[in-house]
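Next up: the structures, one after another.
Here chain A shows up in two complexes: once beside chain B, once beside chain C.
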Partner chain A sequence: MQFTVTDQGDGIAVVHIMGRLNMVTAPRLREVVAASVAAGQNRVAVDLSDVDFIDSSGLGALIGGLKVTRQAGGDLRIAAPNEQVRLVLQLTNMERVLTAYPAASSAFHG
Partner chain B sequence: MTASAIFQHTELTRQRALDDLHILDTAPEERFDRITRLVKELFHVQIAIISLIDHDRQWNKSSAGIEPDQPLEYPRSSAFCDSTIDACGTLIVPDARLDPRFRDNIYVTGEPGIRFYAGHVLEAQGGERIGALCVFDTVPREFSALEQNLLRDLAFWVQNELNASQELDQAAAVQHGLLPKKLVSLPGFEVAGACSPSRAVGGDFYDWYPVGEGAAFTLADVMGKGVGAAIIAATVRAVLRAGSRLDGVAEVARIAAATLDPDLDEAGSFVTLFHARLDMDTGVVSYVDAGHGLTLVVHADGTTERLTSLRLPLGAGDDSPWQEQTVVLAPGSTLVSVSDGVLDLFDGTLASLDAVDRLVRGAPTAQNAVDSLMLRAGLSAPDDVTVIVIRRAGER
Partner chain C sequence: MGKPVRPARSAAHLLLVRVAVLVTVALGANYILWRWFFSLNWDAWWIAVALVLAETYSLIDVALFGLTMWRARERELPTAPAADLTVDVFITTYNEPVEMVRRTALAARGIRYPHSTFILDDGNRPEMREAADQLGVGYITRGADWQNRPLHAKAGNLNNALMSTAGEFLLILDADQVPLPQILDHTLGYFADPKIALVQTPQVFENVGAADPLGSQAPLFYGPIQQGKDGWNAAFFCGSNALLRREALMQLGITRYVLEMERAVTRALTGAARVLARAGRADDAQDPFVQAALHEVGAAISDTRAAIAAGETIGPATYTLQNRITAVSRDLVAVDLHLLTLDLAVIAELQLETDAASAIPAHSLELLAARDLSPLGALESVQVLLRSIDVDRADEAQPLMPLATISVTEDMATSMRLHGLGFSTVYHHETLAIGLAPEDLGTMLTQRLRWAQGTMQVMMRENPLVQRGLTLPQRLMYFSTMWSYLSGYAALVYFAAPAVFLCFGILPVNTTALEFFLRFLPFMIANQLLFILSSHGISTWRGQQYSLALFPVWIKATTTAVANVVFHRPLGFAVTPKTRQEGAAPWHLIRPQIIVAIVLVVATIIGVTRLALGVGEPIGTFVNLAWVVFDLVILSVLVPAARYQGFTPKETSR
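After this line comes the complex of A and B, so read on.
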């Protein structure tokens, strides 16, 4: 599992995740989002194009990130989830608040 | 009591505490093996052992420095560690050949020719001395006060590992006890449920209890697995049960959600919930669904309805009003609600619900449907698996 954070300017951070977003890796996503918000980047785009599996803890980290960014006046958006991630979002109704954008780079533009 | 009677009483208590750990003759475990490896390197000794004194033998749960083909058990009468549990604390034998207690010991006079021994007692939760963490060498040596402290600390680590699994067993028993027993009376309906955590305890639960002229039913899934999820699950269950006297499921869920919200926020957790009430006279099921979405009504007429979920999970920041929905369980119809772990028992997609549908239709009783699903869960379940089935008898 790897996290790469890219500063897109304009208070936007893109977090790229590689691998599985689960009980083991979810705390790291929470930290990364919290650090971004603390650094003034309260708009966070989470690139899920290389995430092949998410469990409930992974979803919890996305929900936590959504709360943290919104409390700071920003937002968390997700990009390019695979079928399994889409199913989890759909079942839990979280797709209503975690709208999937085609690409992380354009989640806040365009 | 005579001295001998006191000894027998202590020995009995000691043996029972050891038996209760259910660790004797179990397979090697990395959590213990890593400690003996570390101990061997740390003290530069030939052998490190976690030993347990069982009736008339010493059984080694873990050892480092002993060839794998060597026996795991030794006669208690020749065991150094048996003296350690009598010594209460640390026993140090700098040179066994010079020590009148050990110089005739077969492991001193014969193979492997032990000269040095240091062991610290291992205690069960009630302080019963059940074994020792010990080191051996074939050359005599001193053992400094600093080393004694280290050995004691490492023995505490072993003790924690020994007792942790027991605590988890106790937690599992408590959680299992929170599941509902058979319904008192719901004429015309069969109800069955099961919950199989992927670990000792888990975040899934189901519940039912009489409410008015029927019963309330819950199936909930707390984020994550293990003890943390289990603690929250018990809280969710209690908060929902406290609402049983309220008028309607929407109000029950609204108050439960408001009560749980700060705790879920603090824990960084969320809960998917299906909560329903069945009126047994009319077969009307009123329900709320917060991000659960895995409930089917298998109608007698051959159609199947998947109940819609209107809300986000509890703890996900949904502040819209709660709305009660209803579905009628006509004679011969079955309601089945499952946790998402059930999807993994099939192909992991929503098509799994079709398999659940077929399974329920093919099952002669509600209990049989539950049993079939749990049989699959027993074979391979990476996640917690929970199911409830409510079947209304067909018309005669």
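After this line comes the complex of A and C, so read on.
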């Protein structure tokens, strides 16, 4: 499990997650997003392309991040989910709240 | 209780119970149809109809009880759990003595299966933190996010802790519930089935003698009734001594979040369009800048509604909307500071009101629409409105509320929603934690009132009969518990009817004694037989007494819950004190029951006098006198309850 944060300029940060986004790693994602907003990057794109498993706690962390960024006037977007992640988004109806963008780098330039 | 899971009851016993159910319901239907269609005394319709309604209520209650017993199941001990599960033990506390919580935490720390223990202190007490540190257990309190937002009592306390812990399974314990070391070993095994979301174990109390004057032990509920519900996959969460699967709770939190966001956004957009339409008609709306701005916001709102209707996700849709409205207000502010200052007072006031009422957005919409705002004020207030119900759920401390917050008893509502999502639950009939019951009448009454109010809130906010995702038996099992809390009104009729006859000679039933007993007695006997068979040797008399004797509590619960749900009045919610409230016997708490008892005694005297004078009808008088005696025996449970001085353990019984 690994988080990489890339500053894209213009207040945009890309958070790349590797591995499982579950109840164990979800708190870490919340911290990363909060830190990014604190550093002035309130538009956060979460790159899910290398996430091979997500559970409801992982989704919870995404919603938590959405709240933090929105309150700072920004936004949180997700990109490139694999099949399992897409399925979970569907099952929980989360796809009605978050659009999955094709790539993190272009999530805020669509 | 206190024994391990008992050997399964015989199939023959279950068959016997089912026969008793069928016979009871058939005889009950025979009786009640005759009562409705052939024996109503229309001359005294006011008491006749009241009585037959009460009797119908009771028959439905019995039928639901029969359905509960139909598949009562005794589970065997589950297989031993895998060794690598992660478990968090949560001890919830608000104002209980530190010593009590320390005792529970110590026992929780000693649970055999590997786990982490946390004290969830809603009282935020330094001495509690110190105790937790000394014991080496975790300590969790509400963070800054909860300031000035709804706290949601125990549900909020648990939801807060869920966000800062990571165990796959959660054991929930009230501050007084001391767990046994094997509690996890005996229950985690059920979760091998990924559909299982909850394992509930009984709540029993050590500070209660055999007489149990306050009716604290609930052996019928934590026994045949929960086992019966379990048979229909409807065993429900009772707030403590239960294990929950985190993934199920979180999934519940997510789906509820999505549902509530969709509703809130739709409602906000409708409301905003309404406020805007009003503003457009105001005098100073003729200013060209204002006109342009109103037009732009109107367009933004209708674009958003169209986009959402066309299937756009609400995240991006609201984001775009926010940005457009922010841009408009910025331009306007720059252009016309004059208008803004005029409106500042109104806006500030409005903001206050929307914040305070944001838990009920429909209500705040009314407020907004009723306001006379100038156009700029309207823009600002539209923005306030949209902000307050954006996807960030700014009105709540955290966007996810896995434990239901619609009721003061979060437990039942939560398990009903879990069932609605397709999860299963288990009732494990083995005492694995031992708690402390209230030791005085006042505390006991507060506790019962809270349970009843909570149940009524759920019934009105999310009536199980119409919840999607539940099977029909599941709906009926939840409904059954709610139905039983309506007994206060029936009890009132059962007290009034004999008094009315004895005093005035008015019979609500128009028949001969023979005809009445021919229909009534078989039903009554079958009913009692069903009760004896189902309870399987457990004493249920205390429970029967209290279900009638506490009628003022049940009535108060329904009226306050209606006032709360429909008219948004506070419930006057109180946390149940776990320590005894000192003082003289609190007779004032049971004044309605004392009045009823006096009325019944006076009615007896009048009835006997009427009989002696030859005015009263003999058979009717004897039947009603017997009825009065039954009522008085029921009410008599309150005498030792009011005089109860608390529990003193006997040396010999220890």
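What we mean here is this: the second predicted complex is superposed on the first by the 109 of 110 C-alpha atoms of A that agree within 3 Å, B and C clash if a C-alpha of one lies under 4 Å from a C-alpha of the other, contacts with A are read in each partner's own complex, and residues count from 1 in each chain.
Heads up, the rule we're going with is that a contact is a pair of C-beta atoms (placed from the backbone, for glycine too) under 8 Å apart; a residue touches a chain by one contact, two chains touch by 3 or more.
On a predicted model such as this, the values are computed, not experimentally measured, just so you know.
When the two structures are laid over each other on chain A, do chain B and chain C clash or fit?
By the criteria stated at the top, chain C and chain B clash after superposition.
Quick check on the superposed pair: does A:Leu87 touch chain B, chain C, both, or neither? Answer first, second, both or neither.
The first partner, chain B, only.
Under the stated touch criterion, which partner chain does A:Ser56 make contact with: chain B (first), chain C (second), both, or neither?
In the superposed model, A:Ser56 contacts both chain B and chain C.
Is A:Gly64 contacted by the first partner chain B, the second partner chain C, both or neither?
In the superposition, A:Gly64 contacts both chain B and chain C.
Tell me which partner A:Asp75 touches in the superposition: chain B (first), chain C (second), both or neither.
second
In the superposed arrangement, which partner chain does A:Val24 touch: chain B (first), chain C (second), both, or neither?
Touch status of A:Val24: second partner only.
Which partner does A:Glu95 contact after superposing on A: first (chain B), second (chain C), both, neither?
Touch partner of A:Glu95: chain C, not chain B.
What stretch of chain C clashes with chain B when the complexes are fitted on chain A: 43-51, 115-123, 259-267 or 637-645?
Comparing the options 43-51, 115-123, 259-267 or 637-645, the clashing one for chain C against chain B is 259-267.
Determine where on chain A the residues touched by chain B overlap those touched by chain C, and list them.
23, 55-57, 59-60, 63-64, 66-67, 92-94, 96-97
Touching residues of chain A toward chain C in the complex: what are they?
That would be residues 23-24, 26-27, 55-57, 59-60, 63-64, 66-67, 70-71, 73, 75, 77, 92-99 of chain A.
Sort out for me which residues of chain C touch chain A in the complex.
163-164, 166-168, 246-247, 250-251, 253-255, 257-259, 261-262, 313-316, 319, 322, 326, 390-394, 398-400
Can you list the chain B residues touching chain A in their complex?
Residue list for chain B touching chain A: 203, 221, 223-225, 265, 268-270, 272, 291-294, 309-313, 315-317, 340, 348-350, 383.
Under the stated contact criterion, what part of chain A meets chain B in this complex?
Residue positions touching the partner: 23, 30, 55-57, 59-61, 63-64, 66-67, 83-84, 87-88, 90-94, 96-97.
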